[in-house]
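You will see two complexes here that share subunit A, one where it goes with subunit B and one where it goes with subunit C.
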Partner chain A sequence: MKKREERLILGKGQYADDLAFFNMAHLVFVGSPHAHARIVSIDTKKALALPGVITVITGKEVAAHTRPLPVQANFTSKGWTWRLADVYAIPADKVRWHGEPVAAVVAEDEETARKAADLVDVAYEILPLAGDLRTALAPGAPKVYDDWEDNKQVHLVFDFGDSEKAFAMADQVLQVTNREGRVTGVPIEPRGCVGMYDTKNDTLEMWGSFQTPFLSRHNIAATLGVPEAKVKINAVDIGGAFGLKIHAWKENVVALASKLTGRAVKWMEPHRDFMATGPHQRDVFWDGTIAFKNDGTLLGLKATVFHDLGVESTNKGIAALSIFPACSSPTNMYKWVGMHVEGIGTVTNKSFYCAYRGYGKDKGIKFIEAAINQVAKKLNMTPEAIRMKNFIQPDEFPYHQINNYVLDSGDYPAVLNKAMEMADLDFYRKRKKELTGQDRYLGIGLVTAIEPAGVAVPNCQMGGITEARVLITPDGSVEVHSDRTEIGQGAEISHATIVADILGMDMAHIHVKRVTSDFIGQGPLSSRGAVYPASAVAKAAKLLRKKVVQCAGSLMKIPADQVVLEKGYIYPANAPEKKISYAQFADKMFFFPGPRGLDPEILKAHDHLLDVTTTWYSPTTPESGSSYTSFCVSADIAVVEVDIDTGVTQIVKYVHVHDAGTIINAQVVDGQIQGGIVQGIGEALYESLNYDENGQLMNTSFSNYLIPTAVEAPDIEIAHLETPSPFSETGSKGMGEAPIIGAKAVILDAIEDALSDFSIRVNDAPATPEKVRKWIRQATEKKPVIS
Partner chain B sequence: MKMPLTFMLNNQQTTLEVDARQTLLEVLRNQGGMTSVHRSCEEGECGACTVLLNEEPVNACLVLAASVQGASVLTSEGLVKNGKPHPLMKAFTDELGIQCGFCTPGMLMNAYALINRAGDNLLTDQVIRKTLEGNLCRCTGYVNIIKSVQTAQKAKLAGEWW
Partner chain C sequence: MPDNSAGNNAMKNSVMKNFIGSRAMPDLVYHSPKEMKDLLALVDTHGSSARVVAGCTDFIPSIRTGRWCFDQELNLIDISKMPALNQIEKTDDVLKIGAGVSLTRILASPEVKVHCPVLAQAVEQMASLQVRNTATMGGNICMASPAADTVPPLLVSDAWVIIRDAGGEHKVLLTDFFTGPGRSVLTQGQVLTHICIPVKKNNESAWFQKIGTRTAVIISVVSAAVRVSVSNGIFETARIALGSVAPTPVRVAAAEQFLEGKPLDDQVITECARMAAHAISPISDLRSSKEYRKDVAQTLVKRSIFACREALK
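And now, the complex of A and B:
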């Protein structure tokens, strides 16, 4: 039963670009061709003269009619450096990155708006550039925000456990560095929405690719200065999101345009703009030292991670917030004595940073996994042996990690063992040796990871609590409401499965409703789906079941524990022939609940109203401060072959073993794993946003920003373990990010193993053919290879 | 410049008033009502707007609408018969070769042409991958898409096809 998928496959999708309203106008943004420049003047006369153009909005109008983008995360109170910039959706004074919108044209149709956008004449005075992290941090560097002391936005310092003790206990230490290129998670569908401002009632309603309608409402209302109660945000079918559609930024301008023109206004972002001015991620450099004993016991880490954030995030503070998980996650799934981790975030004249699958957790885990594999090499241990030695053991859960994470459950050794068995590790290690000397370079990579999932960061907009409503309508069908937008991750089918199971109904009668801002919650981000909304929905369904059982027992004059709910029917356990359908039952409850049917006590308590709204919040976060509730477990083993003449990496085998607790829908979980792994492979091998010396983004097209096609993507072998989480309502854990974390780490590890003859440290993603060739050339120049 | 355009759209003779500069993508979406033809890159890189032009897959964003005068254009809406999903569509749903659904209609059309071309030859993983190279998907990792195409071909060989 795949209602949504069947609807979409029949061509009945309603994506943002399909939205059409009566008398709808179209909005197109004008982007800056410069990375850092003062806006001297904007001449809109020519654009306005084009027939069909309604208005042109510039930074001046935006400043006059809206407020600066609201703060979404602010941690200045901790004594850390945490700067926030006072920015608007369109700047009035200067542009800070290539593509930043300087004006928005509203016209009768999109083609006219696009033409008019070319006619907006902007005079710029080009300013010197803080084009990358190194330049931006140099003394006297050009400042991205004039009122800041320098370009450092964030400097966080974390002490977990006792790092000094860890280093004092160590037999050895090892320095490890790692770099990850700048990427974007771009889905195939760009962002888009329609805004409709009702000037009679002063209300705003929007429809579009909103990943988090509740947060979008808060931020759009705040920017427009309208009470939230007068704004409603509706998510439509969303063509992929991965974190990149949690914005309220250009959307504010669409809302403003509707308010100023009194028209429904549609904006559909051209895909090249989505790349140039969409959220970016990664772009980090790690420099750390890991302490360990000669027997392979891991002890501690001292590390600093430098982030090139680009400009202030349009979700103000949310880019900086991703440095938290980057700094916390290196503990991964091992026992440690202590860590000292510093996270530095710098603003530069690049597009802004926001969420993308991983959101920092990927960075910390990727770094520590690479570091541990270096330690193993140093100690002549296998990568599996060093992990087995340091894993938290199955009988130690819940485990209070040194960074305050409360690890919920799992069997880490079993996950790794299963992966090793599936990957036929011994065979491939033997094969690698056989190929040595034949000019073929086989490499085996192995990493293990936990995925901190279901985020609730105290003291910011990502604070957590989620609301859900499940109700049985008078005709016996079921409505399910939550904050969990469907972005292709199986939200609808998962919710329907949970509710159908609890109520003993057929999934055909469960209707998972489109997400709007009416229900509280931050939506599906940081793998919250199976933790927060799924728990809230399950909790509501369980409470509803209790009502059904109580009322049916009263109606049938049997004890509640004798009521059976099965396949859409309700009957006494000892008399199945007396069954009534949910439709009959609901009709009775809504329209004929008089005292001759139900116990009056039920009526007095209104328990016959088959409608439950409830909330769910992590049981561990309030006391531990842990931002995450569940920790799914994975092991990735990849076998690659590197062609040293071309630098091309071929993936020969890919194995992924996963434990996401109780599985709600196996096909959905596998789909998340496969998709995540291929995105990880993209990061490891191909994807890199490259800015030139003038701050121009060089690749804004799928022709030069290379995401994996069906040809590059490998076959993926998957196996599951199911260790339920004690903390979620269904036993399931958040998942969907572990695959990208494991994949990007394991591919680089495998390439390093393939190039072991050259002693190359593969620590700079993506490992493109050009880069691999460069490494080989550098290595062979130092040490000629004997062929 | 406005001009009449007559062509077979999903097996129906159709005449639309189009602008000579419009692409087939724009005409199919805006005048033809075929919203399954998705717009993304608008430069022939992503494959989301793939349709069949005289049975050959093309990126509708790269074809001038005027050039399809007299030709036959098939979109995924045209695969639906009496409201029933085509066996190829059913395969994509059964195998979950669809996640967000945005690349799916284009993927379907390319796969439809491939399966029709293949005749009785069983499609290998490699051939399917190579053929679908121009249809980008960011959600599925392609694994279930490949499976869907193989399942669909089996349906065709079992006589369930149109």
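And now, the complex of A and C:
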């Protein structure tokens, strides 16, 4: 296969917006200008009268022709609070957030649909607002879902180990709070798709920016009431996904529009729609107490994490579930006696909560890392010393953590040591002291993390399903199929590398196919690409290799252990000159297999069909309940300088050391690291979705929802260690999310260190210049710091 | 250039009836005059149904976001292809820049670098390369945003603009040009054609600084420009202008007067900056609170004067 980037750089990418079909119509959503209002009436006459308008779909049509959005995660049975809502892709009764679609206009072209969208007349009766977590949880608060008792969707309670014992053993305890603002991921390309309903065969096919085609098929088929077997979903080139394109709900309306009109229907989401009516994340507040000994030994934690979910997060998105890893992840990479953690998710009149790089795992780690750095300060220890004291040691793997995670492998001290060496910690600590007298404020942040990667959770659509197929075609080229959608993370090149290595072929002959719903799997999410699909592909390739070796041995009349597969050729170990190419071999297997060529037993078993489909499942999850199989290790050290008169933070140095097991492709791993760190910096310094008192999202464009540009991105110094995971087929670990976790935490920690003269706790992200300046002013005016 | 006055019949204020991520463009008739007389004729003929544009970097987002809505057909008059409005000329002591000149060309101009470096300093920090390639200074001025980054450097440079209409050519000092956010003295039938800037003198120095929430491609939370002339260790003349702190970019006369005739002392400069911050009453908006604006305006003025003093050493 050709390298993907070559195709994309030459402008040959085919993204959702490039899709064009014969007789294609266009769909535009009409959103509510109010955050919480009853829909009194909708008048579509004026819109329908506009030449070129084909139809207008409102909540009434959606209710008449579809079923409610399927529930993607259901934990109602565990004795926890876990409420479910009966929701449709477009509501007929009331709107629950600013921008929520109330209608969809279908027209001959996009501009006509946009014009008509403004002609849809909707009468609203405005309702009181549950605009934020505090308001939503107050007694008598306006209810987002009328049939619920209150606005609490989720309340989970976890006891890991023995937290009472931990606190009884403690010399000291420390209360720590942490707040993260509401953010969204920002792919270059928002969501988009084309739906084509074949009215003759009653089948539906869709193409678009689907991160998980198999799950999308299930959800779209279920809402449309069409058998899943009659629906096919195809992923096209995707301009970034980050978890934000797992769900399908607006896509369901596109499918319905195609079914109702009998036309191919295209929908391409503008960025403003993506921000206002798309997936959001973070928006959490932690309140916890950490228990420890005077020598720095960490013992336990009692904490509650409050999530502002926005509207229900079990149907549109699947992120009520992310409260689980948020509660589990504070154990990070240390030994503990016990933890008691509660996770609360509240619905509010904001856009919905969905997966975004980190998926809750980030929240627990960021919180505990901040807490540990506070403990270190209290005990007058360095941040590295307290970590070294509490790390799980290299000889203790696999390590059964108190939260049931089975930690696979790693050398945590080695990763931190490498980072400290690269960061030249002593130099910068000395420099910080020198500069303080000169009115300059340098800060050094240090954070370590293990990222739980490769998820399988029962009772939801992330159960761990995966399937792969590797086949050699009659001309010797190889097809690779899996559920690992290429979302810019390097799925294709990774799969090609694995298969080429195992089969002894050149990568040019390996063709990783576009992901469709034809193959089972939950897709690339929660860093499972290098764990589940990569393992399934490797397993399939190994089984295929076995077939090749068996058949070639039979063909060449040599024992199987004498068969060599190398550089696209097959030959006997002692007679390389008798080599045949894969093309010659495959031709023989497919079209001239016998009877005198191959052993008849092979023919009877049909083992010469060079096609293997297989599955893979975690070796640790079934017995331990560990919802993750691999745990990559990282250490981030950042040096920043804060301009205390303006509050502006400059990143002076950034070091990231990573151990994600066996590296399949170094460029892919580095790309994940660079991108994740820059996203983390964005969350630490700039990004915040803010709603006003009327529930209107104030930042719906890139002029006020700020993400880092190339100018703000520092030179990131990266080093890798490679401790293979014993639990994946290739030894590699998932690693897509670690960089965003460490980056956010370490920048905030570095700012806190820079402001150490003012004794400021930097616990409210993002640390914008204005906020930093406010903290400094409050500190210098000797007023209590309010964050 | 566009007249953004609220009284324009063709433009409704943004009443968001429905939330639509990207709104339709109005029906457009595109005009691209080459000569001044053609431009004036078009402006005259189409009246309130016409908009004069150059780079369109504000026009298109304003339509797409619904900030501007037009009920009727819109005549778009593009001045970017008029040779007369596309030049940077130096005549005697004045730098004359056509309203159709892109920011990239201003940045690349040796004349601007020599005769008004503070303008180049501001333009360099504006938007992205792609936007600078098409956006114009004329557009930046006519949009009359309080956050227009080219304006504070022009204000401290004592710049004026040339406005053309059926009655001929009018010279308007930039200090008299703005009447409010998005509003200026431009009336229907008038077009801003040139920006004129007195060239920098030897004993002068000017400096521009802005602060946004991010470094690059950012709308200013506060911007500041300072120009001082110095003789015999004394500030002879002073100009201080601030952006994003008032309904229009403003000069702070009290602080300017305070500085004039004073020695180049740290204390004097600090006091001057304090006075500048004291003189403004910014608002709180999505980008910043009024407190932070006042706070950081003081720092920017102080640092800009220090930078001018440093340059004159």
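By our rule, the second predicted complex is superposed on the first by the 776 of 787 C-alpha atoms of A that agree within 3 Å, B and C clash if a C-alpha of one lies under 4 Å from a C-alpha of the other, contacts with A are read in each partner's own complex, and residues count from 1 in each chain.
Here, a residue touches a chain if its C-beta (ideal position, glycine included) is under 8 Å from a C-beta of that chain, and two chains touch if they have at least 3 such contacts.
Remember, it's a predicted structure, so these values are computed and weren't measured experimentally.
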Partner chain(s) touched by A:Pro33 [first = subunit B, second = subunit C, both, neither]: second
First, second, both or neither for A:Trp286, with subunit B first and subunit C second: neither
Subunit B versus subunit C as contact partner of A:Trp336, first or second or both or neither: neither
First (subunit B), second (subunit C), both or neither touched by A:Tyr145: neither
Contacts of A:Arg773 with subunit B and subunit C, given as first, second, both or neither: second
Which of subunit B and subunit C A:Ser703 touches, first, second, both or neither: both
Which superposed partner A:Asp645 touches (first subunit B, second subunit C, both, neither): second
Contacts of A:Pro270 with subunit B and subunit C, given as first, second, both or neither: both
Which of subunit B and subunit C A:Asn690 touches, first, second, both or neither: second
Common interface residues of subunit A - those touching subunit B in one complex and subunit C in the other: 270-272, 701, 703, 709-711
Complex contacts: residues of subunit C adjacent to subunit A: 16-25, 61, 64-65, 128, 211, 213-219, 221, 286-289, 291-292, 295-296, 299-300
Subunit B partner contacts - residues on subunit A that touch it in the complex: 2, 5-6, 8-11, 13, 15, 17-18, 185-190, 237-242, 268, 270-272, 487-490, 667-668, 670-671, 673-679, 701-703, 707, 709-711, 713, 715-716
Subunit A to subunit C touching residues, read off their complex: 28-33, 98-99, 102, 111-112, 114-115, 117-118, 120, 122, 269-274, 276-277, 645-648, 685-686, 690, 698-699, 701, 703-704, 706, 708-712, 768-770, 773-774, 777
Subunit B residues touching subunit A - in the complex, by the definition given at the top: 29, 34-36, 38-43, 45-46, 48, 75-77, 80, 83, 85, 89, 92-93, 96, 98-105, 108, 125, 128-130, 132-146
